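Each structure below is given as C-alpha cells.
Look at the two complexes coming up: chain A is in both, with chain B in one and chain C in the other.
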Partner chain A sequence: MTILMTLRHLFWLALRREGLLVVQKSSQALQPLLFLTLIMALFPLAISPDQKILATIAAGVIWIAVLLASYLASDAFFAEDWQSGVIEQWRYSPYPLAWWVQIKIVAHWMLYGVSITLMAPLLALLLALPWSQVPILMLTLFIGSGIIAYSNALAAALTLRARSAAVLVLLIALPMQIPVVIFAMAAINLQASGESILAPLAFLGGLWLFSAALLPLAIAMALQIMMTA
Partner chain B sequence: MATNDANKNWRVVFKRWFHQWASPRFFFEKTASWLPFLSGMAIVLLGIGWGWGLFWAPPDYQQGNSFRLIYLHVPAASVALSIYALMAMFSLVSLVWKIKLADTWAQSCVMSGVLFTFIALMTGAFWGKPTWGTWWQWDARLTSMLVLEFLFIGVMVLRTAIEGREAANKAAALLAVVGIVNLPIIKFSVNWWNTLHQGATFKLTEKPPMPAEMWVPLLIALLGIYFLFAAFWLLETRLLILQREGKSQWLQRWMMTRYCIDNKDKDKF
Partner chain C sequence: MSIPLLTVNQVSCLIEETPLFKPIDFVLQSGVLLHLQGANGIGKTSLLRVLIGLSSHYQGAIKWHTPLYLSTVYLGHLAGFHALLSAQENLRYFAAIHGRALTVGDIEHILRHVQLWQYAEDPLGQLSAGQKQRFKIAQLLSMQRTVWMMDEPFTSLDQTTCLWLEQQMKEHVQQGGAIVFTSHQAFAEADTHYQALTLVAA
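Right, the complex of A and B next:
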C-alpha cells in the first residue's frame, strides 16, 4: 500500500498536469475570456450606450456572458483526454475515477473561475456597473463558476460520444444552472438595495458543496458508461 | 420464527413478481389485452370530465368562461410532473439493477412528457391572455414548467444523439436521475425568485376552494388524462419491445401466430 500516493499528493500532481496543459495551449485556453470581452462590446451597441441603462443590466449581462463562455470551454472538457486515452488510464488506476474527475474540475475552476473573477472589474467598467456592486459580483462569479464547472463537466461527459454535442451541452447544463443565476443575481440586487445578502450567498455556497460532493460521482458514472457500454 | 418465515415468503413472492415483470416476454404477453381497457377508460373519463366541465359547470365569477381551460391545463401539468418522476424512477431501476425492460419503460415516458408539458404551457398561455392580459408571464410556475420541458427534451435528444444504443440508454437514464434531484432545487429557486401564479388547486389536507360542480369534473378529467398517458405509455413500450426484441424467437412466433396464421412455414417456429 505504501507504493500508492496519497490522494492529496495525487491531487497536486494532477493539478500540475492540468496547469501545464493549459500553458501549452494558452491561445486555446484564452478563447473563452476573449469571447467574454467580445460579447461585452455587443450590448452597448445593441441596446444603448446610455450609462444609466447599461448600469441596470450590467450584472445580469456579465453573468449571461460568463455562462455562454463556460459552454464554449466545456464542449471539449473531456474530449482530449478521451481521445488520447487518459480517461481509460484513470479507470485502470488504483484511484477512484470520481477523484480524478474532481481534480480536473477543481483545476478548471482555479483557472477559469479565478481568471473570470479577476476580469469582472474590467467587464464592470465596460458596462458602467457601479463600483459598489463590483465586489459582490466578483464573489458570486467566483462561487458560481465553481458550480457551473461541475454541471458543465457532467454535460461534457454525457455527450462524449454524441453527434453535434455543442447544443446538447447547453440543453443539459442550462437547467442545472438556473438556480445559480437566480441566487447570484439575487445577491447582487439585494446588495444594491442595501439589504442582507446572506440568504442567497448561503444558497450559492450550499449548491457549490452539493455539486462538489455529488456530481463527480455522476460524472464518473457517465464516463464509465461511455467507456464500457 | 413464524414472522421470519412469513417475511421470507413475502420476499420470495415479491422477487418472483419483480423478475417476471422485468422479462420483456412476460410483459408483452400479459399486457396484450390492456390497451383497449386503458384507452377506453381514458375516452370515457375525459369525455365525462371535459363534457361536464365545458358545458355544464358554472362560469367563474371573475374569469367567466375562460376558466374552463382548467380542465385541460391542470391535468396536463399534473401528469407531466408525474411522468418525469416515473421516468426517473424507471431510470434508477434500470441503472441500479441493470434491468433492460425498465429502460424501455423510461424511454416510453419521454415523448408523452414532452407532449403533456407542451400542452400545459400552451393552455397556460391561452389562459394567461384573458386573465393576466399577457400570453407569457415570467412567473415561477410557468418558468419551472418551461424548465421541465427542457429537461424532457434534453433526455430525448441525448438518447438520439449518442452512438451505440446501450450507451445512449444508460446516459439518458443517468440524466433523468440527475434531473429528478435537480428538479426540487430548480423549483425552489424559481419560487424564491418570483411568484404570481395561483396556488395548487388540490391539496390533500384541504377542501378545494371552488364549488363541487367545478372541481368534480376536474378530478374526473385528471383521472382520464392519467389513463390516457398509461395508454400512450403501454403502446410505446410494446412498440419498443417489438423493435428491440424483434430477433428473439418468442416474438417471431407471436407475430407468426397473430399475423401469418395461414403461412405454411409456421411449423418451423
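Right, the complex of A and C next:
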C-alpha cells in the first residue's frame, strides 16, 4: 500500500513544477507583464503628460490593462498539459482532479498575481497615481487577480477543444470579471474620497473565496467531460 | 492465488452507436499478461481507454474489483510528461500525481534502470523517440501499481530494449501483478501467464 504524500508536500512539489515551467518559457511568461508596462508607458504619450489628468484615470487604466493582459496566455492554460496527457494522468491520482486544478491555478496566481501586485507601484508611478492610493490599488489587484485566475481557468477548460479558443475565453471570462473591475474601482474611488471601503472589499473577498471554493470543482467537471467525450 | 481484478462482460467500443468489434468477455486476474490483438483501427486503444474510464463510448459491463486510483497505472499514446522539463522533474511530478514521494535516490535508481540517468537533467523533448518511450516505462515502473494498462509499449524501442521490457512485464505478472497491453509484435516466449485476445470486426 502506497503511503500518500502530505498535501503540503504535494503542493510545493506542484508549485515547483509550475515555477520551473515559467523559467523554461521565460520569454512567453513575461509577455503579460511586458504588455502591461507598455500600455502604461503609452498612456502619458497618447493622452497627456499632465499629472492631474493622468491621476484621475490611472487606477482605472491599470485595472483594464491587468484584465486584458491576463487573457494573453490564458487560452493555453491547460493546453500543454492536455496535449501531453498529464491531465489524463491526474485522473488516476488518489487525489481528486479538482485538487490538481486548484494547485495549478494557485501556482499561476502566485506567479502572475503576485508579480502584478508588486509591479503596481511602478505602474502607479508611470501614470502619476497619488501614493496614498497605491496600497488600496495593490490590495484590489492582489484579490482581483485571484478571481481573474479562476475565471480564466474555467474559460480555458471549457474551450479546450475549440479551434479559436482565444476569443471564446474572452467572451466566457469577461462577464464574470466585470463585477471585479467595478468593485475594485469602487474601493479605490471611495478611499480617494475618504469613505469606508469595507463594502466593496467584502464583496471582492467574498467573490474570491467563492471562486476558490467552487470553480476548481466546475473546472474538474469540465475536464472530466472533455476527457470522456 | 489469483485475485480477480477486472471483469469485462459483453463489451464493445461504440462509434456513433455502432460497435467496433464483436463483444468480448474476460476476467483479468492477478498473474495474467493479457495481449490485445487486432488489425489497425479495430479499437484496441479505444478498448483500453474504455476499460480505465477515459471514454464512455461503449456497451456492456465493466467492473473493477479494486480502486483504479490505487492499483492502476496507464501508459497511453500521449506522453504524460512535459517536454520542456527534465526527466528528473517529470518523474517527481508523475509520482506525486500517483501519490508517491520519490527521493533523489529513488529517481536515480529508476533512471539508471532505464539507462536515462546521463540525460536526467536535459529537457525530455530533446531525447529520441525511443528514449522518450523508455522514460514512459520508467514512469510506469516507479509507481509500483498492480495493474499496468499499456498501449503499444514497444513503440520505437530497439530490439534489446524490447526484450528487456518483455522481461520486466513477465517479472511483474510473476510477482502477482496484471498487465493488459496492445501490440502488433508477437511476444517472444509465451508462458503460462500469457493470454491473447484478438478483436474481430463486428
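As a working rule, the second predicted complex is superposed on the first by the 227 of 229 C-alpha atoms of A that agree within 3 Å, B and C clash if a C-alpha of one lies under 4 Å from a C-alpha of the other, contacts with A are read in each partner's own complex, and residues count from 1 in each chain.
Following the convention adopted for this analysis, a residue touches a chain if its C-beta (ideal position, glycine included) is under 8 Å from a C-beta of that chain, and two chains touch if they have at least 3 such contacts.
Since we're looking at a predicted model, the values are computed, not measured.
After alignment on the shared chain A, the placement of chain B and chain C results in a side-by-side fit free of clashes. Contact with chain C, but none with chain B, is seen for A:Glu88 once the two complexes are overlaid on the shared chain. Of note, the Cα-centre angle with chain A at its vertex and chain B and chain C at its ends comes out at 90 degrees, rounded to the nearest 10.
Contacts of A:Gln51 after superposition: neither chain B nor chain C is touched. In the superposition on chain A, contact is made by A:Met221 with chain B only, not with chain C.
Contacts of A:Ser196 after superposition: neither chain B nor chain C is touched.
In the superposed pair of complexes, A:Gln28 makes contact with neither chain B nor chain C. When the two structures are aligned on the shared chain, A:Pro179 is found in touch with chain B, with no touch to chain C. When both complexes are overlaid on chain A, the residue A:Leu10 reaches chain C alone and has no touch with chain B. Minimum Cα-Cα distance between chain B and chain C in the superposed model: 11 Å. Within chain A, the residues touched by chain B in the first complex and by chain C in the second are 229.
The touching residues of chain A, when paired with chain C in their complex, are 1-2, 4-5, 9-10, 13-14, 17, 20-21, 24-25, 80-81, 83-86, 88-95, 100, 227-229. Chain A meets chain B in the complex at residues 154, 158-159, 161-165, 168, 171-172, 174-176, 178-179, 182-183, 186, 203, 207, 214, 218, 221-222, 225-226, 229. The part of chain B that touches chain A in the complex is made up of residues 147, 150-151, 153-154, 157-158, 161-164, 166-167, 170-171, 174-175, 177-179, 181-182, 185-186, 188-190, 192-193. Remark: chain C residues 52-56, 68-70, 72-74, 76-85, 89, 92-94, 96-101, 123, 144 touch chain A in the complex.
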